[in-house]
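These are the structures in question, set out in turn.
Note that subunit A is present in both complexes that follow, paired respectively with subunit B and with subunit C.
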Partner chain A sequence: MTVTQPSAPTTVRKDRATPPRSRANGPVSRKWATAGFHIGASALSVLWLLPIVLVLVTSTRSFDDIAANGLGSLPHSFTLDGFRQAWVDGGQERALINSMLVSVPTVLLSLLLASMAAFALSRYELPLRRTLLLLMLGGNLLPPQILLIPVSKLTELLGLYDSLYALIGVQVGFGVGFYVFVLQGFMRAIPAEIQQAAVIDGAGPWQLYRRIIMPLARPALAALCALSFTWIFNDLLWAITVLRTDSQMPITASLLNLQGQYVSMWNVIAAGSVIAAVPTVIVFLRFQRHFVAGLNLGAVK
Partner chain B sequence: MITSPPSRRGFLTGAGAIGAAALMSGCVASSSGGSGSQSSGGPVTLQSNLSSPQAKSAMQNLVDSYNKRGSGKAELNTVASETFRTQLPTYLTSANPPDLLTWYPGSVANSYAKKDLLLDVSDIWSKPEFAGYSAAQQRLCTSSAGKKVFVPATYYWWGVFYRKSNFAKWGLQEPTTWDEFLGLCDKLKSKGVAPIGLGAGGNTAWVASSWFDYLNIRVNGAQYHRDLLAGKHRFDDPEVRKVFDRWSEALPYFDPNGTALAFQDATTALLQSRTGMMLIGTFFADAAPKDQLDDIDFFRFPVIDPEIPLAEEGPTDGYFASAHTRHKAEVKDFMRYMATAEAQEIYIKGSSGTALPTNPTAKDSGTALVKKGRALIESASDVTQFFNRDSSDALQPTADTALTRFLAKPKQIDSILTTWQRDAQKIWSQ
Partner chain C sequence: MAVFTATRVRRRATGVPPVVLAFVLVPLLAETFWVFWPAIQGFYLSLTQWDGVSAPKFIGLGNYREMLGDSVFRTAVLDTVLWLLLFGGLSAVLGLGAALLLQQERRGVGFYRAALFLPVVFSLVATALVWQAMYQPDGLINKTLEGVGLGSLTHAWLADQGTAFYAVIVPALWRQIGYVMVLYLAGLKGIDPVLYEAAKVDGATRWQQFRNITMPQLSSVNAVVLSVIVIDSLRSFDVVWALTRGGPYHSSELLSTYMYSTAFQSLRLGYGSALAVVIFLLAFGVIVSYLVRAFREAD
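Moving on to the complex of A and B:
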């Protein structure tokens, strides 16, 4: 538990600062405080982990067991058949490939475009750049739901409806504004002297971008990579807006497909959810360090 | 300032889409095979909302057997039922729609036919495949303009389901009249079980409408029920009030958890003998363990007024085709096949088996339960669909709100009915 680490040194220091008075009841009350903290924190984490455990347990039960004993009862069976049904019958294999086909190019393309825009906006005195940045921020405050029908009609007009390219296009379009905003804030903090030194050495804008700014912006890019991958991978709204064919659907939409018209096989749905969560968990674990660092990007100047 | 963000987004979306297409050109063509109706050639696309794994594979069998016949090619595309329901208007109005879609006949299909979104298939109804279809079925598939727009495939029935072993253990008989039914509830209550399970909680509030439908059919008759849902009568009329007077008599016997549990959990409660019986459609059998299906039986919703002819709820499922389809002849050929006994038997064999075929010569799955259900519908003087199918998907939420309020606070029925009428009026006048 990383939460306990910051609190430990402060209590020690406080203890040392006021030795005479707290010596009598200090250790006892501190023990209580520690116990209370651990009990409280454990209870909270149990509460937080409970839904995940429930999903994991449900995914290994058989449907007859759930139907006979209810979803909330203790498991009476153990089977991995739910995973097989979700993977084979539910078409999750194809859906996972689709999700990857959308997420990976989208992350790369949008970060490429965003970093270029952020480079120009942060390192050069472009006219109207403040307005442009405010517009990008303003665009992010707008609920995407109001654009569902225009986007759906537009993709149809462009002949992209029901293809993964439509989804990539939409995701890039909606993501770029936020990424530019974050990257611009980060790149602005890079000292001007580095750039000036490179210019004296004869570097043009392209070389500046490629050789100087991009390597320095790596922490921000890695954090955005993890964030955007999670967002795009977990998106459902745009997928069902621009796609219609089941063989094109990403994993989130195929999870929805596992629900029946009247009856839902909860074990298969739980197994499908576990499968769908695996890639994001892997990405999160891989980029964890950057992810936490990325959360306070721009918080401290 | 307020209007500029959407235009920026729209521009970016467009630019992004074009950019992505330009960057990776040539790949769009490879992905168009899915929707199938890009040109007048290619297979007929069947957009299906039967997304549960079993029903989906049964549909796939059906499509495969059609393709094997060689008269045409079809392709199945399954979408989650919830997505399908919300996207259906988009599918039908799109410039490049799926050719054939699963949905409901009657008033629901008619509302789309009125907007000229459905293909007129009157000519195939004169073909031999449709010879045995009854006049009632023909009426159901005809739009208000007199055109046939629908091909029925299967239907199911509603009944009061219970566990045979429990009724035998407690020495109980199936009731036929309302008084016997209330007496049965009394006996069940004395055994310590909640007599009537409901399952109108979670996201299945619509299950409560079955009680309204059946009470209205039994008290006021099927034709009054249909007229009421079409806006020809008012929900605050004394006739509707009589329905709720009857319901109030049975209300003390309802499971107090009835509006908390979704119907799937209510099914579990019935199987675990926590509730005695439940008014439900046969689709609930999908939520029961296979080894307990033999123990399940049902009886007809009790007779309240012997003067009123006995109508039953028999919701029909089937197919309609989009008016904008690019291959009309192929779609009609496929629809003719769907009406045959052979096609319907293939689907019923592959699905959970509680559905009944609409083609009178087709065999059902042959279990005792299904035979009894088929006899129930065939002996009925009239068949209604269900609240939302006899009215519209827009009217269903008004019923959900009103009935949920009634179940919680039956004393406020007058104000509930006034509100219901006001909400319904808004939808009828649209």
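Moving on to the complex of A and C:
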């Protein structure tokens, strides 16, 4: 603000001069500015949506059409054959079930564990409170590469290698630190009076957690639910680290198999990509507000 | 004063019900089991030679010495740094640009934001496949180039050593910009409009307002974006793996892909662990600064 002070006197002069002019062509220039904004923003949006439109179009073309006219041409056919091939022959049905079998329990289990830890760390003066909190967050910030080899050996040792339990385990363990951090920040903002009133009424820690804090933390939980679902659903690295058999793979890894299996059958690959993207797009459209809130919760301010 | 607080904390701590301790310990044990313990093993394994079958053989810093003469490692480090600068820098600048363009609440802005944000929800593998189709010799990009008379620029984008790296960055950016935009939109919303009004009264130009109000006010968001970008860059794996596997001839090799193929395809688990340690060291500074900021906020 101090920087702009020197120019103040000139503005006063300009201000006095401008009112009649701006009244004359103000609305017109504003209209032009608005039009310019919409043209620019629409062009950007079209550019951004173009790859999505292209994959949707490709997924409904026939293989012969693509082979004859090329991938970049306008469609000359409409068929859902690609979807059938990806879904049935390409194993996407099984893969989508696997993804759900992993994602849903992982989200629920990690948020349950994280909310418990966050409750304890935010509502009680535990010894080493901050150290524990940062230790847990720090674990989540580690590059996963450092964990890949030991985790794959650990699952072999436990007899869990190549099972979905291994994937759930590692996803919960790796994600929980971040959720604890976000949730404790949110829970700490809940006024102490609410808790004190419940304690006077004889509520123990379990009732406090279950009946007071959890309901009040619902917005943060909803945001993390939407966010963590997409993260876990979209994961590739952990899946190909602890799983081997094709029939166990979640949808992301199965897409890679599809890519290798149906080389240059772009209608099948495009259909597979659409299938893999649908669940997270539904979550996004349904919980858009929570989703965006979640991204911002995640950012340490 | 310090003594007083210490005793107070201790008295309170002994009053913590056991259930509450269990509430912290169970998640902490889960993380210890799946993260901290494996991480320690990872550091140890980087000092060994191991094929995953026989017992690991301790070789001290042998793996790190080997890196010095490993040309693929050198390529991977350079590519990772270039990735950090290009992917990170462009997603920050373009994300901020998009946020500035779409910050004002007006008709249609929700749609534009959603369009830019939509790719964020796709998995990187699906993103990669979408772009792989565009990059094909008979794909949309080459067709468009031919269509506007730039046929000489057509390429086998992913198969050409000179273009593969950049061809992989574009899909990653397409997906990241919307994310960074959302972070900046929240930051811009937090700036007090009075500051701009005061500046306008003082006759500040748009550029002066941006330099002297917007950027300083966004400093905390900038720090967040920087951490997110560095951490995401060093983690980048899926999109490269799905598009090129680091090829052709390691031209798009990142440390993360080199680490994965060394460990799980060449089964050189000791050397792979050492590569992972290098990734960790690169990320270390950012992790610490992120934690320091978190530490301050946790008060």
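Methods note: the second predicted complex is superposed on the first by the 268 of 301 C-alpha atoms of A that agree within 3 Å, B and C clash if a C-alpha of one lies under 4 Å from a C-alpha of the other, contacts with A are read in each partner's own complex, and residues count from 1 in each chain.
Definition applied: a residue touches a chain if its C-beta (ideal position, glycine included) is under 8 Å from a C-beta of that chain, and two chains touch if they have at least 3 such contacts.
In this text, all values refer to a predicted model and were calculated from it rather than measured experimentally.
When the two structures are aligned on the shared chain, A:Asp246 is found in touch with subunit B, with no touch to subunit C. Residue contacts after overlaying the shared chain place A:Met265 against subunit B, while subunit C stays out of touching range. In the superposed pair of complexes, A:Gly138 makes contact with subunit B and with subunit C alike. Of the two partner chains placed by superposition, only subunit C is touched by A:Ala117; subunit B is not. In the superposed pair of complexes, A:Leu126 makes contact with subunit C only, with no contact to subunit B. In the superposed model, A:Leu221 makes contact with neither subunit B nor subunit C.
In the superposition on chain A, A:Asn257 makes contact with subunit B only, while subunit C stays out of contact range. Contact with subunit B, but none with subunit C, is seen for A:Gln85 once the two complexes are overlaid on the shared chain. Once the two structures are overlaid, the count of subunit A residues touched is higher for C than for its counterpart among subunit B and subunit C. In the superposition on chain A, contact of A:Asp162 is made with subunit B only, not with subunit C.
Comparing the two complexes, residues 70-71, 135-136, 138-139, 141-142, 146-147, 150-152, 154, 169-170, 172-174, 176-177, 240, 253, 256, 259 of subunit A contact subunit B in one case and subunit C in the other. Subunit C contributes residues 9-10, 12-13, 16-17, 19-21, 23-24, 26-28, 30-31, 33-39, 41-43, 45, 52, 98, 101-102, 106, 108-109, 111-112, 114-119, 121-126, 129-134, 136, 138-144, 174, 178-179, 182-183, 186, 195, 198-199, 201-204, 208, 212, 220-221, 224, 227-228, 231, 234-235, 237-238, 241-242, 255-256, 259-260, 263-264, 269, 272-273, 275-277, 279-280, 283, 287, 290-291, 293-295, 297-299 to its touches with subunit A in the complex.
Of all the residues in subunit A, the ones that touch subunit C in their complex are 1, 3-5, 7-8, 10-11, 14, 34, 37-38, 40-42, 44-45, 48-52, 54-55, 58, 70-73, 113-114, 116-117, 119-121, 124-127, 130, 132-154, 169-170, 172-174, 176-177, 180-181, 184-185, 204-206, 209, 230, 233-237, 240-241, 251-253, 255-256, 259, 266, 269-270, 272-273, 276-277, 280-281, 283-284, 288, 291-292, 295-296, 299-301.
Only residues 1, 4-6, 8-10, 12-21, 23-24, 27-28, 31-32, 34-35, 47, 49-53, 55-57, 77-83, 87, 90-91, 94-96, 98, 263-265, 267-269, 271-272, 281, 283-284, 286-292 of subunit B touch subunit A when the two sit together in their complex. If you check the complex, the residues on subunit A that touch subunit B are 63-65, 67-71, 85, 89-90, 105, 109, 135-136, 138-139, 141-142, 146-147, 150-152, 154-156, 158-166, 168-170, 172-174, 176-177, 240, 244-248, 253, 256-265, 268.
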